[in-house]
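Right, I'll just put the structure down here and ask away after.
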Amino acid sequence: MKFTVIGGDMRMVSLAMALEEDGHEICTYALDNAPEGTVKCCGLTAKLASTGADCVILPLPVVNTRGKLNAPLSAFTHDPYELIKQLPDGCLICAGKPDEKLINLASKLPLELVDYFQREELVVLNALATAEGAISVLLRNSPITIWESRILIIGAGRIGKMLAERLRDLGAYVTVSARREADMANIRAMGCKALDTRKLMGELSEFDTVINTVPAMILDRPRLERLKRDALIIDLASNPGGTDFEAARELDLNTIWALGLPAETAPVTAGRIIKETVLNIINERQKTK
Amino acid sequence: MKFTVIGGDMRMVSLAMALEEDGHEICTYALDNAPEGTVKCCGLTAKLASTGADCVILPLPVVNTRGKLNAPLSAFTHDPYELIKQLPDGCLICAGKPDEKLINLASKLPLELVDYFQREELVVLNALATAEGAISVLLRNSPITIWESRILIIGAGRIGKMLAERLRDLGAYVTVSARREADMANIRAMGCKALDTRKLMGELSEFDTVINTVPAMILDRPRLERLKRDALIIDLASNPGGTDFEAARELDLNTIWALGLPAETAPVTAGRIIKETVLNIINERQKTK
Amino acid sequence: MKFTVIGGDMRMVSLAMALEEDGHEICTYALDNAPEGTVKCCGLTAKLASTGADCVILPLPVVNTRGKLNAPLSAFTHDPYELIKQLPDGCLICAGKPDEKLINLASKLPLELVDYFQREELVVLNALATAEGAISVLLRNSPITIWESRILIIGAGRIGKMLAERLRDLGAYVTVSARREADMANIRAMGCKALDTRKLMGELSEFDTVINTVPAMILDRPRLERLKRDALIIDLASNPGGTDFEAARELDLNTIWALGLPAETAPVTAGRIIKETVLNIINERQKTK
Amino acid sequence: MKFTVIGGDMRMVSLAMALEEDGHEICTYALDNAPEGTVKCCGLTAKLASTGADCVILPLPVVNTRGKLNAPLSAFTHDPYELIKQLPDGCLICAGKPDEKLINLASKLPLELVDYFQREELVVLNALATAEGAISVLLRNSPITIWESRILIIGAGRIGKMLAERLRDLGAYVTVSARREADMANIRAMGCKALDTRKLMGELSEFDTVINTVPAMILDRPRLERLKRDALIIDLASNPGGTDFEAARELDLNTIWALGLPAETAPVTAGRIIKETVLNIINERQKTK
């Protein structure tokens, strides 16, 4: 098959290389600044690069916060809405979290646009790679071992649970806070201590490390004030985060807003996960045809 | 508070004893054959036994396969539908998997009937105790260690996953079969090998032990024929099970239909789990009042 | 190669079958009551059975407590000292824990007698199989789950450590008692709580289960008196054990003296471990020649 | 008690602070450049700083490679042999890996000099902290997750085993190479694959990461040539290491010689471990008196 890989960070480079290793033909675009010896650009325009492609893969996310194509490895700025107009008819487009505008545009063109970030297998393995990335961030920023340290994980979603299991295995005393009784039961089943996220307050002073996974303002000033002065806070929640960063700064708390996991800590694995998901999408499409 | 505990197996005895230890007043009924020194019967009729009770707890399940009250520790046969008519007005009734008839009856009387088996926290911890029970069954029936043995778990539901994690920790080579890509991803995330349940066939000959958790005919004759002669089959699926038991017998395969877990392997813990769930139900009711 | 397997329990049967599967020629003796379809006797005397053998394997232990050959699967009684006199010259004899008399006899005959129970690899894997066997005994005899139960392991030797790791992984709160600071450190490194075996007393009342691995009188009457009435005691120490069994009986404590692990719980694996060790012995002998 | 803490890195700062938190009186020397707000220097000379001390703690190691006191947090250079002459009579001196010259000097003065690095509890917990540090180094330097990566650990000593268990728990396919059959058995008991260190060659091409723990030239040029081009090598062996670093550089292999673990990755925990060991030494001395 022929794939065109457009934009994105090192995950997309890894994805392109892994597809090539599998024997596929690869074209890239908007990866002109990728490290030497990895991928090579195959066309001066998206149109040229995607000619004859069976599948075009757009980055995760497709559009950055400034409304442009997410393409940190390109020397140029690209308009994602102009770009998809150049893609060939009948071509499958796999995109990570496309915005409304892009989805609408694709449906009118018409192009088949699939959001690979909605695939459960990607979400699960991405959560796992994120949990491991969080351990990397923790190890890098803490002067104590995970072993025998007291760690609070806020939120018992996928990342929270996977992180809890791993930190427990590394010998930490792990507490996880959640809201539902079912989650509390799951936390106990994992051998961790369960707390109610809504009632977190006095116990906060016990923890060496607090890792937030919930995208809501949990670590507000009153709670931050309860933490030990040398506690480490790692916030994994995407924008706007779950921490009052301003208050944390004033209280001189060591706070890390770890966005961009696992792209930063394990880009090759993260790229392979996207690759597998895209191949699953293609396989399922062929079966239903 | 005053609780009346009616019928059931050793789980209900454990539940009654645990409530008593917590300082509650306990009456039992239809537990007249419980082991000496555990609980004592408090009334000759359900009516007398439940007079003044804040909460009546019925067994899991309430009704046995013959349409009678599930009461293996009673010398008598009890009609569950007659029995609930004797319960006092305004009393909370916690019952395990009540049938339609009982639910309808309660709504007409009117009695507040809550199915504690629908509570997520019970389902989670019960699954855990079941997984551990399955390990007990496996250890008891296998001449080889779990360590370095090749085990297939069919189904990646709650029990399947909890069992997989534990067998992996005990050193087995664990394969889990599932159908959804998300489950496949979860299986890999746990460090186990994933297979597609629908395609199970040739690989079956590799396994020392096969544990089924899926309530559907998975282990049919063609599949059973692929198993090693000395393989052990443990079927955890409730009636009618997931194995062609007739074929298994003809093929002389060591097959165990392990129903009644965890009541049989860990009645005390199973009773405590019901106790905690009932107390959660009561607490939530008081809050919303 | 040709092996003669003499006496022993189901481990020796498993050992013989495994060697046969590997393509070796097998003769057995004093296994005349082994289950049908497993091994067949090849000679009416040890002499006949071992004619032409490259290696004779004697059971673990060779001699039973009555001074006879350990041969529970034979209808007859055999004298081990008479038996080895019948073995052919120049034949390697692998025996499990031969006594002084047998060693002396062999050196005079002369026969090359190797004690496979002195091999580290057997000791390690046997300890592992014993630890798993102890879990089987525990699960079979306890009405509570290992998960969330409080377990004390006395002794941090091989079996104690392997058992502690596994029970921890199954979700127990594991405490291990030891005497040396190095062991205390190892226990903490495993994520378990460490106590000093010599000072065990008041804390004993916390435990649901106590597992002794130390071959010395640890669980004497004063300590037994501190245990909960419904505590379970499992003693893994070989004769005379580490428990005052008389006192335990008087105190009505549920006490299990689990001798014969792993022969009883995992004979096939235990037999394979002996097989691998015997093959290692043979390989090393050939290299040094 | 009064402690004087002399020289060393952040571990000694952590040690001093932890002793102070325990209520002890602390003096420091040769820590004049420690971060503000941590410890304060108490004397202009070692003599003044140690006056009245019950115990003087010297760093790990005491002497650096240039024959001077190991004191990276001091602005000055200190002669360890001159320094101990200034210590008060009858004072216990706890030192990490003192050299021959220092030991001889102390015995003549006479001063009681104890090497805390010979204490098993320190060695065990230090190995654990080192293993965790190695995971930190690995996570920081690898573009793939530990999960599903293929890792070879050379050597099954304390660090090798602890590292293997943790990487296995994080989902890696872990192989450990060793030389003794007993270690091979232990590796299998841990659920890892065992290889013979002496025969390592062709399999080397399978691994994403190779971690050496053996202080001998294991990763020589012929072996390095077998590694994948994008393999990561982490050498934990102290000077001169176990890798032909010259060859690794020529082969353009990503090689990290991770000396100084756990001082670098977890100085606070490493300091606490020394503190506990020193307190154990003091306790045992008082008992025997």
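Read from first to last, the chains carry the letters A, B, C and D; within each, the first residue is number 1.
The rule is short, and it goes like this: a contact is a pair of C-beta atoms (placed from the backbone, for glycine too) under 8 Å apart; a residue touches a chain by one contact, two chains touch by 3 or more.
Not measured: the values here are computed from a predicted model.
Chain centres here are C-alpha means, and the one lying farthest from subunit B is D.
Interface comparison, A-C versus A-B: the pair with the greater number of contacting C-beta pairs is A-B. Computed centre separation for the pair subunit A/subunit C is 50 angstrom, with centres defined by C-alpha atoms. Rounded to whole angstrom units, the spacing between the C-alpha centres of subunit A and subunit B is 38. Residues of subunit D in contact with two or more other chains: 128, 147-148, 171, 188-189. Taken together, the subunit C residues at the contact with subunit D in this complex read 119-125, 127-128, 162, 180-182, 184-186, 188-189, 280.
Note for the complex: subunit C touches subunit A at residues 147-148, 171, 188-189, 191. Touching subunit C in their complex are the following residues of subunit B: 10, 14, 128-129, 132, 135-136, 139-140, 142-148, 166, 169-171, 262, 265-269.
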